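This is the structure, below, for whatever I ask next.
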Amino acid sequence: MRGYSRAIILALIATLVTLAGLSWAGIAHSRGKAILRQTAFVQNPIHSVPATPSSVFTTAHASFNDAVREFLGLQSTPVQPIAFNHRIHIQKGLQCTTCHTGVTQGPDAGIPSTNFCMVCHQVIAAQKPEIKKLAAYAAKGQDIPWQRVYWFYPSTHVRFWHSPHIRAGLGCEQCHGNLAQQTVAVRSKDLTMNFCLNCHVAKRVSVECITCHF
Amino acid sequence: MRRRDFLKIAAVGGAAVTIDGCGDHATQLIHFIPEETLIPGLAVWRPGVCNQCSAGCGLQVKVMQGDAEVVRNGQSGLIKMGLAKKLEGNPQHPVNHGKLCARGQAGLQVTYNPDRIQQPLKRTGERGAGQFARIGWDEAIENLVTHLSPLASEHPPQSLAFLTRPLMGQRRTLVERFLSGFNGAQMVSFEPFDDSVLREANRLSFGHSQLPTFDLARSNYVVCFGADFLGTWNSPVAHNVGYGAMRQGRPGNRGKFVQVECRMSQTGANADEWIPAQLGTEGHLALAFAHVIVNEHLVKAESAGTAGSRIDGWSKGLPDYSPDAVARKTGVAAEIITRLAREMVTAGSGVAIVGGAPLAQTNGLFTALAVNALNELLGGVGRPGGVCFSPGLPLDESKRRPANAAEPRLISVRTFAEQVLSAREPDTIKVLLVNGANPVFAAPTGWRVREALDKVPFIVSFGNFLDETSNLADLILPDHSYLESWMDDVPESGTVDAVLSIAPPAMLSLHETRALPDVLLDVSRHLGGEASKALPWKSYEEMLQATFTPLRHSVGSIAADTDEEFWGKLKQQGGWWSSNRVGPPKSSPPVASFAPVKSEDPTWDGAATEYPFQFLPYVSQQFLDGTHANLSWLQELPEVLSTAIWSSWVEINPQTAARLAIGQGDLVEVSSQHGRVRAPAVLSPGIAPDVLAMPAGQGHEEYGRYATGRGANPVHVLAPQMATATGSLAWASTRVKVARVGSGDLILFSGGPTEFRAEKLSR
Amino acid sequence: MDAIYGLFSSSDAARHALAALRTGSPELGIKKESIIVISSAPLEGEGLGWEEQRSRMPWLAVLGGLVGATTGYALASFTQRAYPLPTGGMPIVAPWPTGIVMYELMMLGAILTTIVTFLITARLPRYRDRIYDPEVSYGKVLVGVAEADRDLSAKVTQRLYEQGAEQVKEITGHQERLRERQPGI
Amino acid sequence: MAHQWGMVIDLDRCTGCEACVVACHAENNIATVSPEEAARGRTMHWIHVERHWEGEYPNVRARFRPVLCQQCGAAPCEPVCPTYASYHTAEGLNAQVYNRCIGTRYCANACPYTVRVFNWFSPEWDKPLHLQLNPDVSVREGGVMEKCTFCSQRITAAEIHAQAENRELRDGDVTPACVQSCPAGAMVFGDLSDPTSQVSRLARLARGSKLLEELGTLPAITYLERE
Amino acid sequence: MAPNSVTQTNVIDQEAERIREDLLRPLFRTSWRFYTVVGVLVAIGLPGLAAFIYQSYSGLGVAGLSNPVFWGFYITNFVFWIGISHAGTLISAILRLVNAGWRRPVTRCAEAITVFALVIGGQFPVIHLGRPWLFFWLIPYPSERHIWPNFRSPLLWDFLAISTYITGSVTFLLLPIIPDWATVRDRSTGLRKRIYTVLALGWQGTPREWHRLETAMSIMTVAIIPVAVSVHSIVSWDFAMALVPGWHSTVFGPYFVVGAIFSGIAALIIAMALLRKFLHLEEYLTPVHFNNLGKLLLLMSLLWFYFVFAERLTVWYGNETAEMPGFWSVQRGQFAGLFWTMVACNFLIPFPILAIKKLRTITGTVIASATVVVGMWLERFLIVVPSLEHKFLPYNWGSYRPTWVEITIMVGTAAGMVLLYVLFAKFVPIISMWELRGGEHATAAEVAARGVVGRSGAVPDATLLGTNG
């Protein structure tokens, strides 16, 4: 009886030893790429250690919380520094393209700088509290830190060009809702892949994955 | 475990605590009003001038709007600004025809380098300890002016020196003018692997003291002695463009290419015939070719003209250079010599190229003159498919310097160091201005540059980076990167046209840096007097405009009615080039009297018995002389033959290695009479058994996070030997020995075996 | 649910008891269908109810397999055609891989059908209204009669004891109260 | 007829200068890893220049061959992907859809050219190197496979621009970064379905061959062998 | 006749009761040893879990995989465990199918191995993912992305096959447990009784239930064998479908299946030996079982050797450029040590032990099995890694060196497997009580002599392997 229990223990030990041997000695010997550590050196001592590379730009998540939110597709509602009123501007006859100048030419719509706002608001409605905030930014030489309303997580790898959609005759409201009815812009459409695909299928335009994901 | 990993784990652990507690970092920063407006997401292409080597290629810079973290008026914040996103060649540019080499492409990382000096620094600790305090520009300029004003007023001889890497375009003029305000100021030019021997030879042979331009595209036969012209030498992009056309640009007429060298370079790998010759005997081989050509009456000896006359015995048919005699010397079989010589002539148009290691010998000038003579004999000089010299701009060169100013003395770093170290009054040089040159890293230890710099009382560096030389500075006034400043250059070679490359800044400056020319103008204004008279312009742009608008009157790529229009188009086009090609000049009249060179063998430092190997440092494909070692793209770019990345190494012939029991990747120590260096071995089939080769560029002690402490610097073993004729460093004339010292490590991009044969691979 | 049953120590005794109950069913006034046998292991030999057992389970499994295979084909072909993405130069509905999908789903279908059929035909799970005695798990064989709301005790008890029952118990009402009955009453 | 994008690489012109490699890094936001990671063979090159030695010293020769994704017509990498992250577009591109990729790395095993690279970690850039990132191209996250796309962002942009100008794409409208940079003009890109395009004409040359042609992967890249 | 019969049955009854007590003892009595074992296994397993979390968060790069060796230990373990899983279901199904009487004490512990090996092995494809949190994209379900999984991918076949297999195996394991749970239910009290009451599904033991159970089992027996064969074939196709020299082989299907059964039997023998020792089942798991399984193992060892030989022979003889570097690296290159260890473990050592009757004892078969398990793991490793290291273009060759993460996860999951098994043995009678009738287990001779088990249409047992014990 004792005999084979010892045999089992021996076999287990042999397994572990084999595994250890595998991992450290046998597998990756010599000619492969992985020859670790770099030891070429000069005789002069290195007198200053290079700065530790700091990771600033990464698609990794800042926290576990972020990762979970992204996984679940949660996007927090943006809080704008100035309660920009879209409705009033549209009512006054401004076109979307007056401010969002990039929309007909390139991928991004763009948001004008404080200077652009001040072209009008130097005079118009200068006394209103929100405009005063604007003026204060302008006086400090600062731009307004607008928050994005529509955006995608980096892991969606979505590239979107506005201009072809505008050229195709799509109205802004197709994807952004009727801003003539909105004050501060809110995310009124859920821009899911389903949303995009339905339109692309209906209009018989490309549904190749790499049309948008590249 | 790396710190990053730790933070990540900590983040997981802390997630429960910090639920929703994380804000967007970007929103906490101030947003500045943009200083230029660009359509977001759309690229604009702006011209540029490449500064990654001295070829002077024209750039096209893709600029797109992005959010950059900058400091404005002492406040940090975010700004939407045009950011350079990609560098491409300027398609109109006559040198590079829209192409750009790997190093040129990587130039983007100069501007965005994390280790750039972002604002003026003042030394606080011991010199060389690397301790600096950040200061403002006003303080910095004031500091410099304080040190310079006594020199400007008192006129002590040799009080100021300007140590620089070879300057491009009007920068050189500006610096010369600046220095002319100081009596006895010296310009110290430093380029580790310079071509002064070739320039001198070209002056003697052809009357042009400049690097040659090759018309490879129309050449039927290229024989190259040692120059890595497709990789690193002279104007590589122009050469590649021409090479491609030579090979397959003319249907049915594929040019032949023969490379003579003892260590296969990237260029040599492309040769139809690769001929390893003894290092330093390339001149003999060239003359042996000439011998065959002349003695077989394929071409008359006299047709070599002046270039031929520089060689002793030319007119007598070069009796000393019979193929048999030369075969013994060079190790190249006589039959090969004879065959190649005949081929060269029958090919129609041929060109001989020389550069690199053969000229970095004590007999470099002999070699260069020999090849020049061969070139002239082949009839290629000034003809299609041959060699020519780029014409200068049709501008009045006399305006370069104020008439009354003395030309600053141009000396080498070696002379400078000797002067400083030997001077009785050690502070003869009171102020040293350093721009881009890094002799502490790249000059042989025997030159004692570091000791010399230690004796200079005040060193100012205009460097972008803290390198070994800048690290010794007392004051650092960081320059803009070349994408952030006005750039101009007149390429020395690479084109048959007269070319001016010029470009305004492609992007606004990212950090609180200032362009060197503008700083010098500013300083000269502060100094007043002679110094300011020589530099009457408010800005460098103004100087460039004043200098180059006269080009409007020459026939060239820009037609404009007014100077303003011309200037505007010039800025847009990224340069000016003569449209009707200024014909390549014929051999110029003889230059002074010169005793014809006799057969000369190289002198090696070190006895062959004790030091059995010839040591061949070579300009690195990734880093050139080491300037680019701080660019991560280039560190991770496999050197194409060894496939090594993030490394430096010693190349050894496999048979030699077997004899010395050295295996691939083993750590070896290479030692000469002057120093030692340790690096892993790379067994390379393309190197002569008695040669050890090592790439330059690594082994930085101080050059940012990507370069510091990485690899080894071959310069440490070099003998401070000079090429006899020019006084430049004979960097390939040291003998060494080698020994395995341990199991070293090497990072190779390719995990494959070196012995694998390609022919099995595909059909 | 009312029931009465005897516990037997041997399968032979149980078989005899079962036979006795069957043959005596008109006399005892019980239906043959309400005679129950419970054992802790499948009983060997004739006469213990096995011969009556027939099941279409194998056929159902085959049917389930067919359904699975069809599902597999439908799944593979409809989903692939819904968003046709060519890969590797293969047809959108590639025959060989679809065959594998069909095969696996066929087997899955057969297995699931078997499980479901087993549970349904064996009337499992069922936690209420069951006649059971823990003694069974000690190896006893239970033979008895289960007929709703009928008092059969005396005769059946008698008969069970005659056949060698070690114990006879009865269940009355919905509480499933167990009451042991003594022999000879 | 949809475009069929293809490339010709003239090995007689290729000098091994590796301009294409850096151009690709710059264009496609390819991360540099680190010496430690590089030592594990985890560099991210989408294109590399293979070097093969032939012969012994002194009759030694090296051959260069730039190898990038061959955009195979019958790509072994595509069908093995369980999530369709790898598939074939109508324009002949072997697409890699990053967001669909779950990181099985099966495609990379199946690829006989070993040109697929995996993000073993999420890439990082030391500040401010992130400013060099091309906004036209995604930054891929850790756990995702990537490879040469024939610079599909440039194809898309060229198509959008052509559309804006109401015209068809012309030969030469699209040049991937590597082709654009190649000093020796060794690489030519274009539409193989257009028999008059430069790439079609070159692909028909007798010197042309496909890499590992015998595997039947139908690469879209033709190599013109060195003479 | 009747009294005689009664006496007889009473004896059997007592015997059966003793069996039940023996087999139920582990369920009701918990010794310190159980807690120690569980503690140790948890202690080994948790670091594996931690390593997986670390890997998920940091990136797969913390493992030793590289370009071009994209698969390493994880896939090796996946194949290995799926192979081990063939212990049970397949063996047990075959033995059931041929109605080998001696199988009765063996089947359940074999089937349990199947289920747990699948549970463990099935984790590896997820563990090895670059973005494991998205593993559910393998499941065909309608999503707003309009995209379904790619049914052309062998990984999807894997998913389907393993899903089917695990469903089948669990069924196969659970169905015969129901009556045993009923027994436990009847003998326990309190919470345990309530749990087992639920688990027993209200099992009574009527002829109808027994009949349905046996019918279901016979269908499952027939169904599970092709499923098991298909599972390991599909696992082999993960490799064979890829254009990798050394993988792209038609023999891989049967080769993998044979290897799987081989390692499965070995795992079963080890498990039986451990159970016998620790649960004191000496009387039930007798040398006869080990002897019979040893013979099976011997057969598989020969088959395995045949396949290895056939596969190597064709590669060597064909001498294709692309295949040879990988081949030689295994035969005499850096993997030669592992290769010859594998050959020793799978053939040279077990063959004599199993072939010589005197050595085919419990100790002998266990030693042979232990080497086979190690050898089969090595075989999987040698299929996965050397081929990936040597693909078509030699410039891109690379190498693989696992890190602590992979090893920790591997050891941790192995501990998890054992833990699951230990817990199973704790909560379920590891030998099917109702199938094991009194006296039937006594000796093989008796087994052979006793013949038929009463089941309608059943083949008389001991036809195949049970007869010559």
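Should a chain be cited, it is by its letter among A, B, C, D and E, assigned in written order, with residues numbered from 1 in that chain.
Rule of thumb we're sticking to: contacts are C-beta pairs under 8 Å (C-beta built on N, C-alpha and C of every residue); 3 or more make two chains touch, one makes a residue touch a chain.
The structure displayed is predicted, hence computed values, not measured ones.
**Student:** If you apply the touch rule, which chains end up adjacent to both subunit A and subunit E?
**Tutor:** B, D
**Student:** Farthest from subunit B by Cα centre, which chain is it? Let me know.
**Tutor:** It is C.
**Student:** With centres defined by CA atoms only, which chain is the most remote from subunit A?
**Tutor:** Looking at centroid distances, C is the chain farthest away.
**Student:** Averaging the CA atoms per chain, pick out the one whose centre lands closest to the mean of every protein CA shown.
**Tutor:** D
**Student:** Comparing the two chain pairs, does A-D have more C-beta contacts than C-E, or is it the other way round?
**Tutor:** C-E
**Student:** If you average the CA atoms of subunit C and of subunit D, how far apart do the two points sit, in angstrom?
**Tutor:** Taking the mean C-alpha position of each chain, the two centres sit 64 Å apart.
**Student:** So what's the Cα centroid distance for subunit B and subunit D, whole Å?
**Tutor:** Roughly 30 Å separates the two chain centres.
**Student:** Which whole number of Å gives the spacing of the CA centres of subunit A and subunit C?
**Tutor:** Using C-alpha averages as centres, the distance is 60 Å.
**Student:** Could you check subunit C for residues that touch two or more other chains and list them?
**Tutor:** In subunit C, 83, 85, 87-88, 90, 94, 97 touch at least two other chains.
**Student:** Provide the list of subunit D residues touching at least two other chains, using ranges where the numbers run on.
**Tutor:** 35, 39-41, 43, 48, 50-52, 76, 79, 81, 84, 87, 100, 121-122, 124, 126-130, 133, 136, 141-142, 212
**Student:** By residue number and range, which residues of subunit B touch two or more other chains?
**Tutor:** 4, 8, 12, 41, 114, 643, 646, 705, 710, 745, 747, 749-751, 753, 756, 761
**Student:** Pull out all the chain pairs that touch, please.
**Tutor:** A-B, A-D, A-E, B-D, B-E, C-D, C-E, D-E
**Student:** If you look only at subunit E, which of its residues touch subunit C in the complex?
**Tutor:** Touching subunit C from subunit E are residues 2, 5-6, 8-10, 12-13, 16-17, 20, 140, 146-153, 156-157, 160-161, 163-164, 167-168, 171, 175, 178-179, 182-183, 185-187, 197-198, 201-216, 219-220, 223-224, 226-227, 230, 234, 434-435, 437, 453-456.
**Student:** Could you please specify the touching residues of subunit B with respect to subunit D in the complex?
**Tutor:** Where subunit B meets subunit D, its residues are 4, 41, 43, 64, 66, 68-69, 83-89, 96, 98-106, 108-109, 111-114, 230-231, 236-237, 240-241, 243-245, 247-249, 254, 264, 266-267, 269-270, 274-276, 510, 621, 632-638, 640-641, 643, 645-646, 653-655, 685-689, 705, 710, 745, 747, 749-751, 754-759, 761-763.
**Student:** Taking the complex as given, what residues does subunit C use to touch subunit D?
**Tutor:** Those in contact with subunit D are residues 85-90, 94, 97.
**Student:** Write out the stretch or stretches of subunit E touching subunit B in their complex.
**Tutor:** Spelled out, the residues of subunit E in touch with subunit B are 53-54, 57-58, 62, 68, 321, 389, 393-399.
**Student:** Within their complex, state which residues of subunit A touch subunit D.
**Tutor:** 32-38, 53-60, 107, 154-159, 161, 163-164, 167, 208-211, 213-214
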